[in-house]
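There are two complexes below, and they share chain A, which is joined by chain B in the first and by chain C in the second.
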Partner chain A sequence: MAKYIIKRILYSILTIWCIITITFFLMKIIPGDPFAAEKLPNAAVKAAISKQYGFDQPLYIQYVKYLGNFVRGDFGISYQKAGVTVNKIIGDGFPYSLTIGIWASCLVVIVGVSMGIVSALRQNKIADRLIMVMSTLGSTIPSFVLATGFLYLFSKTLGIVPAFGVDEAAGYIGPVLVIGAFSTAFITRLTRTSILEVLQQDYIRTARSKGLSEFRVIVKHALRNALLPVVTYVGPMIASIVTGSFVIEKVFGIPGIGKLFTESIINRDYTMIMGITTFFAVFLVITVLVVDVAYVLIDPRIKYE
Partner chain B sequence: MSRKILEVDQLRTSFFTHLGEVQAIRGVSFCLNEGESIGIVGESGSGKSVTSLSIMRLLQHPGKVVGGEIRLHGENLLQYTPQQMRKVRGEKIAMIFQDPMTSMNPVYTIGNQIEEMILEHKNLTKQEARERAVEMLGMVGIPSPEQRLKNYPHEFSGGMRQRAMIAMALSCSPQILIADEPTTALDVTIQAQILRLIKKLNEEMNMSTILITHDLGVVADVCQRILVMYGGLIMEEGTRSQIFYHPRHPYTMGLLKSIPKASDQKQRLIPILGTPPDLLHPPAGCPFCSRCSFAMNICREKQPPYFKDADGHRVMCWLLSEEAPYVEAYEKQKGGVRA
Partner chain C sequence: MKAKKLASLFLAMLLCLSLLAGCGGSGDGEGSGDGDQQASGSDGILVWNIGTEPKYIDPQLNTSADGGHVDNNLFEGLMVDTRDGLQYGVAESYDISANEEGVENTVYTFHLREDAKWSDGQPVVAGDFVYAWVRACKPETTASSANLIFDYVKGAKEFYNGEGAIEDIKIEAVDEHTLRVELYNPVPYFLNLTAFYTYMPVREDVVEGQVGWDKDPATCISNGPFKLAEYKIGSHILMEKNEHYWDADNVKLAGVKGLMIQEATTAMQGYEAGDIQVNGNIPQEDIPKLLAEDPNFYSDPSMSSAFYSFNVDVEPTNDVNVRKALTLAIDRKQLVEQVLRGGEVPAAAYVPPSFSLSDGTTSFRELGADGKAVKEYGIDPWAAQVDEAQAYLAAAGYPGGEGFPEIELLYNQSENDKKIAEAIQNMWKENLGITVNLRSEEWGTFISSRYNGNFVICRGNWGGDYNDPMTMMDLFSSYGINYSQWRWAPFADRETDTVMNPANQRYDELLIAAGKTTGTERDQLLKEAEKLLVEEEAVILPLYYPTDAYVIDGAKVMGVDKAPMGHWIFKNAELID
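Take a look at the complex of A and B:
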């Protein structure tokens, strides 16, 4: 078990390194630079700025420097917002996305899994049909439509939540619901399908033939097996939810990391892009790692592979 | 006189599919005596599993028992509440299934799955249940059972897993064991070991056994009485020697010809040609009609009743009627297999 975890951690580090390297060189290949748009007085000033950011040095030195800084947790200084470190910008924006992300993830897992269970156990009954209609809507309506609709109804018409920003706690309700909608719908379906499939398995028949109660058959024998595919999906899902969504942050006026990322791409703010990409990569790799380890704990068959 | 423990009386089971009613069991009657071991034999699709699942009331939607009675000690199980039925399953009637690979839950240890059943039915502490599980695993011939208890199903071989299934099924000392093709998924040597084990436990625990198989060879050593099933009906019932040495039904004769014999290597196996009847539109006459080489006009029109050949030997075939003509080829095959 310990060996497995260590192996997984080493793989994760390797993955992060690959992502950083690829992003770094891609940034350098792309033509144009962040200062192209600026009205720089003359070549001398441009050279000075280049020197300040280390552009005059050979590529491999820049690369090694970047890696070194990364290991120390330093993502450098933003090109656009002069003098402000990338760390500071991420540190300002991320907490919003994280708060929304954590709440949305809880919503997705709790509501999605319970609706999936209800739906499977009431297969083809009214509750099931209703949930399936909702989950179809949830997975097909684009999030900006949901967001606008939400604001129209709860903010403009009913006035329960603020129209913009997250100064009040109520401001989080909209973003959490809208961000969670798609994944909730997806997990509902995934859980339903998975339970229905597991209920056809021979070991469920065995469990029933032992005289166990239906409750025990479902909770002990069906659910644990049925939730395995759900767990696999939840890791990357949490990562993608927590790393924010530009559209939703824009609509609800949240200064989150999704908005920062998109802005930095538009502005060719290389250090910002690098910083956020790397940050996301680390985040994703860690969630996947945690999920994999959790998976081993619930499925004994994987341990010895 | 042995006492009847289980009586199946005119059982009819159907599956209500979108194509219509599939009449899987069309009036099956038999009884099982205390301590007795009977075999149900028939080709794939003849209704063996559906019969056993009907007895356990474990049919899945869209399957439904539509008629008849299943009496355990004289009480009709079909009228039991789900609560009462749970006390029957595992405690009075236990079941083992064909594929030991998939019949155990992969995410719980063997011990956990056996103890769970014991705790469900017996008033024991966890510790006592564990001891009982160890005892059972030892009894079915699993070495160092204390350690093996902690293993997961995937750490067992197929034969071991089927032994563990048997240990589990017998852990609450049921009165009846239904084994649905318990050896089909195993290779031949393991198959023989498992059959010997079932026979031994059947004798030691004075339990009644229903052994289901498509292979007459399998029931030969284990069962005292054999039911031959076809198209959702019992075609012939008799003692082991009646079925093997004095078969009366053309289908049974066909099955006998398809058993490989160790004594004669060169003999070719003769499969029964043709396909089983369509149970969505079951034939009006004898279900075996389309494949029977002795079929007569009446066979197509009217389902034969049971004719009694000897004591405890009944046959559903018009050839046994007094009005039936003398058919030489049929008379010749009456000898069955002579070992």
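Take a look at the complex of A and C:
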């Protein structure tokens, strides 16, 4: 077990290093520079700024320096949010994205799995069809439509949630529902398909023929096997949800980290691009690692080797 | 057993995550109670939407309007520019005299008010201005707007270019409350400049060696009506009344909360819900309705100009006849009334009508009896001149558009610019029979392409920094950014521009001559330069004069002002109970 975990950790480190390296060089290849503004600084100012941020050094030196700083946990100073460290920017914004992400993850798992079970057990009945329609809507309507629709109805028309921000607890409702919509729909379908498949298995027939109650058959035999694919999906999903969403944070006016990713690329804020990408990567790799280890613990058919 | 393991693992994961959230949450709580987050007027705090988070608040480093709004309320220059004219700021009087060579209007002596104080109670002294202005001129400060000082203050340019000594910059603190500045030439708008944020004072002990001092309430010591009380990255800025401000008795607000809501629709919903009292981030599509229905909606002429730049170095736009044909084939009336619909004014020239002639009151633009733009430089702002356009195209060797190569129009990804580009593409197709392809680039790439002259025609837009037409005209000098690559001599900053255009030399000379004169003579020189730019050489294609659209909730707040350059002034604002 320990050997397996160590091996996985080493793979994870390798993955993160690859992501850092690829992002670093790709970012420098794209046209444009951090000085992109309607009012461009002149050559002297550009040179001074480049020196300040180390952009004037050869690429490989910048790269090696970045790796060194990364190991020390120093992401550098943002160019666009001048004078503020990337660590502080992520540290300040992450709690918002994380809080929304956790609530959304709970919603996704609880609602998604429950609806999936109901749907499977009531296959082709009204409840199933209704849930399937809802899950199709949830996975096809773009999040900005859901978000603006939500605000129009619950903020502008009914006035029960604030128009922006998460200063009030009610402010979390919209972002949580909208960010969780797609995954809830996906997990509903995944659970449904998975249960329907498991219910065809021989051991279910055996359990039933033993005279077990339908409840025991479902909960004890069907569900725990049917949920394995769901667990696989949930890990990366949590990583993706808690690191925020550009669209949702913009529409709901939330100072989270989801929008930093897109903004930093638009602004060619090199330190921020690297910082946020690396942060996302580390977060994702850790979640995947946790899921992989969990998977082995849950399913004895998967070996440590 | 397996189900239990699964459940416990899931719960463990959730627990870890909520612990993480807990850690973050406690940090988040620092310095910002939930109470002030709710601020919406009841506690004397005005809520305003800045829109984009300012890159800098540091007055010397800031170059953007969003940072300018904050600077105008946290700091105060020698003078303050308002829509009622220039007013005294830290200066309580000034004298203008001749320099040693006897050139009149080149030496300014400012007498500072003795009760001007920083937000920590220390007096504002002449030395603070000297420090700030010299600081801007040091290349290592990386002040992009340094030219607004070194173009005027004697000795500063030489120092900036590494050819002069710091002692030779003619800014001097005669005593604690007297500041003496000598200029290269008489500058009719120098007092306006002293109201601009690059000229605002900062204190050496606050700034020196402190990275990010301007975004930390503990270190951001300012001298304006407000002081920085809280800075939440990506969320908001809270400015509180500065009790040490010399005119604090007249500052009614307890503070101003500046939100950073970029999404215009969200900001508008906040305004409609009564949570935001002042908002300048208006969705373009809402403007026609707001114009018609909301008495709190304002659409002021802005100090900016929207145009297309021709690349004068590449075919076929290196032919002035082609440029004229393209310029005249556009129906600007249709553009503003049917495409933009935000109250914009069709343009026949470059400098917007919001700028004045040297008398300070008459608009720089000729306006009709109805106050509307009139035909200038041969361009009719209200109709396409199809026949003339076709004649120019024929003169260029493309009668009826025959043989005209397919060219590209470059713009940055934005809904509005796309609509404009599509409309103009159609007009050119219909009126000239030519095919223009649209190329839309993401912001960073777009700026890079425009800088390097990698386009045939591209979107341009320029907003003034200070209240004088020179701030517009400078752009197309050989030493300006000059999108059109219209230079007569190589410029160190634009090594990619190697094709030279002799006519630009005359443009430079006219601007230099205008810089040395005043009154109607200066106005004439500037107009002559503009004629060269827009008519004779047709380097740019004027489109429209943009507007500054905003809402102020008149039921909740009064006394909110704007500076002529569009910056918010909250000093005189008060909330209505």
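In the analysis below, the second predicted complex is superposed on the first by the 295 of 305 C-alpha atoms of A that agree within 3 Å, B and C clash if a C-alpha of one lies under 4 Å from a C-alpha of the other, contacts with A are read in each partner's own complex, and residues count from 1 in each chain.
Following the convention adopted for this analysis, contacts are C-beta pairs under 8 Å (C-beta built on N, C-alpha and C of every residue); 3 or more make two chains touch, one makes a residue touch a chain.
Treat the numbers as computed from the prediction; the structure is a model and nothing was measured.
> Just from the overlay, do chain B and chain C fit on chain A, or is there a clash?
fit
> Given the touch rule stated above, what does A:44 touch, chain B (first), chain C (second), both, or neither?
A:44 sits against chain C, while chain B stays out of touch.
> Could you look at A:231 and tell me whether it touches chain B, chain C, both or neither (first, second, both, neither)?
Second partner only, chain C.
> Now for A:275: first (chain B), second (chain C), both, or neither, which partner does it touch?
neither
> After superposition on the shared chain, which partner residues are touched by A:213: those of chain B (first), chain C (second), both, or neither?
First partner only.
> State whether A:164 touches chain B only (first), chain C only (second), both chains, or neither.
second
> Between chain B and chain C, which makes contact with more of the residues in chain A?
Higher number of touched chain A residues: C.
> With chain A as the corner point, what is the angle to chain B and chain C based on their C-alpha centres after superposing, as a multiple of 10 degrees?
Rounded to the nearest ten degrees, it is 160.
> Is A:298 in contact with chain B, with chain C, with both, or with neither (first, second, both, neither)?
A:298 sits against chain B and chain C alike.
> With both complexes overlaid on chain A, does A:93 touch chain B (first), chain C (second), both or neither?
second
> Would you sort A:175 into first (chain B), second (chain C), both or neither based on which partner it touches?
In the superposed model, A:175 contacts neither chain B nor chain C.
> With the two complexes overlaid on chain A, what is the closest approach of chain B to chain C, counting only CA atoms, in Å?
7
> Taking the contacts chain A makes with chain B in one complex and with chain C in the other, which residues are shared?
Common interface on chain A, chain B vs chain C: 220, 224, 298-300.
> Help me check something: in the complex, which residues belonging to chain A touch chain C?
Touch residues, chain A against chain C: 30-33, 35-45, 47-49, 52, 77, 80-84, 88-89, 91-96, 98-99, 101-102, 105-106, 109, 148, 151, 155-156, 159, 162-165, 167-168, 219-220, 223-224, 227, 231, 234, 238, 242, 250-253, 255-256, 259-260, 266-268, 290, 294, 297-300.
> Under the stated contact criterion, what part of chain A meets chain B in this complex?
Residue list for chain A touching chain B: 200-203, 205-214, 220-221, 224-225, 298-301.
> Residue numbers of chain C touching chain A in their complex, please.
For chain C paired with chain A, touching residues are 2-3, 5-6, 9-10, 13-14, 17-18, 20-21, 24-25, 27-28, 34, 37-38, 53, 55-56, 58, 61, 63-64, 139-147, 160-161, 211-215, 232-235, 259-263, 265-267, 269-270, 272-273, 275, 442-449, 451, 461-463, 481, 492-493.
> Could you list, by residue number, the parts of chain B that touch chain A in their complex?
My answer: residues 56, 58, 60, 82, 86-91, 94-95, 97, 99, 102-109, 116-117, 120-121, 152, 154, 165, 168.
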